[in-house]
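Quick heads-up: structures coming right below.
Here subunit A shows up in two complexes: once beside subunit B, once beside subunit C.
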Partner chain A sequence: MNYRRTKAIARKEMLHILRDPRSLTAALMQPLVMLLIFGWALSLDVDRIPTFVYDMSQTPESRELIRGFRGSRYFAIQEEVHAYRPIDQAIDKRACLLAVVIPEDFAKNIGLKQPTRVQLLLDGSDSNTAAIAQGYAEAVVAAYSQQLQVPIQTQSGNIPATVNADVRVWYNPDLLSSNFIVPGLVVVIVMIIAANLGSLTVAREWENGTMEQLLSTPARPAELALGKLSAYFVVGAADMLIALIVGVFIFHVPLKGSVTLLLVSSSIFLFGALGLGIMVSAMFRSQLMAYQMGTLISFLPAFLLSGFIYSIGNMPRVIQIVSLFVPARYFMEVARGIFLKGLGVELLWFNLLLLIVYAGIVFYFAARKLRQKVA
Partner chain B sequence: MLANSQSGPAVHIDKLVKKFGDFVAVDNVSIDVSQGEIFGFLGPNGAGKSTTIRILCGLLPPTSGRATVGGFDVETRPEDVKHNIGYMSQKFSLYDDLTVEENIEFFGGVYGVSDAKLPARRDYVLEMAGLEDKRRAMTRTLSGGWKQRLALGCAILHQPPILFLDEPTSGVDPIARRGFWRLIYDLSDAGHTVFVTTHYMDEAEYCHRVALMYGGRVIALGSPEELKKSLGEGNLLNLDSSDVRGSLSVLEGKPEILEAAVFGAGLHLKVRDPGIAIPRIYEYLKQAGIHVLTLDSITPSMEDVFVSLIEQEEKAAA
Partner chain C sequence: MKQRLRRIIRKEFIQALRDPRMRSMLFLPPLIQLMIFGYAASLDVDNAKIAWMDQDHTPESRDLLSEFQGSGRFILAGFPNNERAMQTMMDRGQVDAVIRVLPGFARDVKRGRTTSVQVLLDGTNSNTASIVSGFAGQCIARYSNRSMQGQQKAKLVSATESAEGPVTMAAPQVASSTRVWFNPDLRSRNYFIPGVVVNIITLVTLSLTAMAIVREKEIGTMEQLMVTPIRPSELIIGKTLPFVVVGVWDMLLVMAAALLVFHVPFRGNFWLLFGTTLLFLLTTLGAGLFISTVSKTQQQAMMATSLFFQPFFMLSGFTFPIRNMPQLAQWLTWLNPVRYFMEIVRGVFLQGAGIQALWPQMVALAIFGVTILWLSVQRFHKQLE
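== the complex of A and B ==
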């Protein structure tokens, strides 16, 4: 590996990028647009949630709890029913998204200062709205529970009665939330952009006839791959930072872990994703073919097989095995771990190691593909 | 200026064969090119010239046979070959979105020209190519002739002992072509070996030696003078007459005439013995009522050699 040659290639690629401001703008706008569309659409505020009430208790206590729902602008009580059946039908017709079911022994348990439960039924087919509705409903129940405890605690030293919301989400047990979505989106965005950026770079040289010239120079395939990769790394890193900044400051996703660790691990992932793009690019001599292939093998796996939306644990065995070869899967865990749980290297090292191995393998094959001959 | 430490031929090609499936692009070619030589590779399109050059540059693996460039085997030591060559491919292949200077600096970088040497080499190339005023021009704005000069300049930044130029002057106007050949001569004088393909016959005259390729094979090899001699100097006649087509049909097939071909406004006739043939030609044409304007012995041009050899090949194939 020769430093001077690699540097010359990186500099040349950087000039190509700067000389094409339209593509550069598009590359930098892409994460912003994707994040805003995905993130915003998924975290839209929800109000006037169509709600059904099934009050088996029919007591002042239960009516007090229902008053809590009536008083909230987030809920609109459509009907009070006296069986499960109408709830079922209403959910199927999408006339109701949430049903509050108060059990018969509700007032009795409160009177006995026993913990008691309220059932919340949610239509999980609109999972995002359901998640938000669940949050609000739990808040109403919690507020009622709090209200009970205060007078009880002041009256005597007895154990306070508490009311717990017993949530059952129908149709989609894995709920999404914007905190969960945004870090995952960063992973998907980095993967797509990097693979797309990389996918054009070699195919363009074939189309313009410059590849033949390059192959006649002493520049080695690994130098070619690394030179190209480092130029696009700058663009990819800018995209990644935009995505992270938007996530933290616009979507208020808590970043609990180390920023440095997040940047380092993102860089490893970016390197592998760019390597994949360059490898694909070297396999096709037309930019169109390379771009389509790059999108296909980056976007779909990153979106579907990374655990971004669909839990890998629920997938068929074969697909689970396939997902082991999707690097986004490992980075998904790393990104969410750092963002949401504040995990450190001691827990993430294995995933990071896998990402490094992946980057190395992809880079090796990219360089190998560039070694090919003209015809 | 050039460090030609290695003795022996600059390019050595031995029984080289390249097949693409059933198609034989290069058919058992053997050539030696000496150092400092301007070696021309002639032939119609599809004759196998570019394929041979690509093999020599390490861009294509040969099917069989062997080739060394600068003493290095193209198959086993392509990296060493690449350090010793400059290559200009048929298609213009610089970066359109880089300036003249940026292209030079890029190729200087990949050819491993040191930072200390690069400014001097860059200035040399700019001067050689006459591009000093256009150093900051975007390459896409240059006309064909300038682009060719720049491409040549980029190929010689690292002072390679051997240059491969694949149809460097195609699509360039005659004045620019003349200028380009002057550069090739300068490079040859400086010790560079130049291996150049062309289908312009006048350019073949500028080469020290030429090989004529046809159907993947070398059908003639030698200096332009030798090739012309082989055609039989003095046995070629130029006929200007009142009816070119008429005289062709009259003379074709006559025992004294070996070959007859329209050439410019007249006919070129290849004969065995001009002393006998000239009076007979006058006679044939007089009988046909065609008026002879001039009938002289001429020195054959490379084009005559080319046409004659290819016709022989086609006759042999038929």
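== the complex of A and C ==
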């Protein structure tokens, strides 16, 4: 490995990047656009669930229960209706996600101390929202039920012994989904840049016929790979910094751990991601195919199998095993650990070690693939 | 004219399908995407991992534990017996929550004093955390109800025994009976897979169209095409038609896999979906054509594709409900054709919706498609001249 030759390749590649301002702008815009959308517009937090109420009972008891729904920030009562039909129509038009139907004999049963039921109708198409809405609605009904018991028990000279859940949330006390998503987004952005830029760099040279010229220079495959990689490393690092700065200063994601550790581990991950891109690029001589492959093996797994949005614990066993080979998964834990939990090297060293090993292996294969083409 | 058109279409088909690796590109990526998405994209919390930290060690606390175990929603991942062990488990993300029973729990329950059980949640994943919190709350509420009734019964028995006359003091219970429409088991797969169909069609047709045209520019064969008597409109048709076929083929392939492998219900009309797919392809092909006019190299085309695609995809309601977005973002989604197609595909799959429910979305798609395609064709013409 010769430093001068590597530097020359890196300079050549850097010139390529700088002389194509459109691609460069697009590359630098990417993190901004994604952060803006994810941080500002997207949220999995469920509140103000559009709710319809059909109160057949029309009694103080039923109104008390409805008050429970009104008082909760999770529900926004859109309309009180007097038949099932408007509910049907509203659910079909997605104007309503939950309907609470209170039966006619609701107050009568309560008066008779008989068990009674409240019907909850849910639009389950979006299962996640529906499940959360169901939980909240059942909690409102349960609270009402418990409230009924208290006076009766006190009356009977019985002190009610209730057991409450005392919920405390660590690391992200307000359960903001932006705190969950922004650190993960850093990981995804690195992967996109690596897949998009890295995967074309060698394929383009083949397609344009300049690869032969490169091969006739004294530069060795490893130097070629490292030179190309370091030029794109600069772009990737810039993207990462943009993402970090916007995340911390605009979206106020808490960065509890060490900044240095975050930067070091991000660099390791970026190196591996670009190495993968170059490896793919060396395998395919067409940019179109290299791009498709790059997306398939780097961006998609980083998005889907890293625990970015969908938690790995819920996936089928086979997919969980596949996810063990996705480096983004390890970096995702590192990034979230440093950001939200303030973890240090003592807990993260194993993940970092895996990332280093991965970067080494990928780089080795990238250089080897280039060598095969030389022969 | 007809002959030239046939020639160019033939050339494009040969060019698109000649390379065996390219051929495999046409069906492997969509299938792999569907498999990963189908199995991985789920926001369900089936088995939350919890740690049980019992500092009371009484029959009552064990009773509470069996309530958690019996719910079928939790996996017990450990029994830390001190703060440090618990902290480490949470830091490492080994558990989603710790349930902590403080000393004196049984005493308070027996004395009829209100007591509480600590639920410590890992809030990193805010979505999982709120679902787990709900599950844990339900278990504790059930236990609370049970122990309350148990005490009451005991009181009643002792009251009856002390011969103060019959006491009928049952507390009324109000329960909820939930009915879920369209997706009764609340399987998120049913919600996501129709969305994946949209995603795959969009990405494949958009990127292939853009890159295929720019490729001719980059390697210099565009000039050769221009000196032939082919007219620009024929060139456009020839360039885009293969990708219409590819788009439709991907749709059928992914749909077949969705039905056969994932058993997603398909309640609507197939031909309605087929027709709207063609309508939607107007938009993606138009956008692909547009990207090709603003890019000189494939790299530029690809960067532009990915820059365009991400916002449209994210703001389509695929994972993140449009309802949760801020008002301004919700208005912006009206300008997003992917949103309309997403609603149509989900409507047809899950709700069995027909034209009478979906016509507004179809009109929107048609307007977007025709406008985008027309503008791009104009631009393309100008560039060729």
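Note that in this section the second predicted complex is superposed on the first by the 238 of 375 C-alpha atoms of A that agree within 3 Å, B and C clash if a C-alpha of one lies under 4 Å from a C-alpha of the other, contacts with A are read in each partner's own complex, and residues count from 1 in each chain.
As a working rule, a contact is a pair of C-beta atoms (placed from the backbone, for glycine too) under 8 Å apart; a residue touches a chain by one contact, two chains touch by 3 or more.
Given the structure is predicted, the values throughout are model-derived calculations rather than measurements.
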Which superposed partner A:Asn208 touches (first subunit B, second subunit C, both, neither): both
Touching partner for A:Pro218 - first (subunit B), second (subunit C), both, neither: first
Partner chain in contact with A:Arg19 - subunit B first, subunit C second, else both or neither: first
Broader residue contact with subunit A after superposition on the shared chain, subunit B or subunit C: C
Subunit B versus subunit C as contact partner of A:Lys7, first or second or both or neither: first
Touching partner for A:Leu121 - first (subunit B), second (subunit C), both, neither: second
Intersection of the subunit A residues that touch subunit B with those that touch subunit C: 20, 208
Subunit A residues touching subunit C - in the complex, by the definition given at the top: 20, 22-23, 26-27, 29-30, 33-34, 37-38, 40-46, 50, 65, 91-93, 109-110, 112-132, 134-139, 141-142, 144-146, 148-149, 152-153, 155-173, 175-177, 179-180, 192, 196-197, 200, 204, 207-208, 284, 286-289, 291-292, 295-296, 300-301, 304-305, 307, 309-311, 313-316, 318-319, 323, 333, 336-337, 340-341, 343, 347
Touch list for subunit A against partner subunit B, complex: 2, 4-5, 7-9, 11-12, 15-16, 19-20, 208-210, 212-220, 373-375
Complex contact set, residues of subunit B against subunit A: 20, 54, 57-61, 79, 82-83, 85, 87, 89, 91-98, 102, 105-112, 114-115
Residues of subunit C touching subunit A in the complex: 19, 21-22, 25, 29, 32-33, 36-37, 39-47, 49, 64, 88, 90-93, 96, 108-131, 133-138, 140-141, 143-145, 147-148, 151-152, 155, 159, 167-184, 186-188, 190-191, 203, 207-208, 211-212, 215, 218-219, 295-300, 302-304, 306-307, 310-311, 314-315, 319-321, 323-326, 329, 332, 346, 350-351, 353, 357
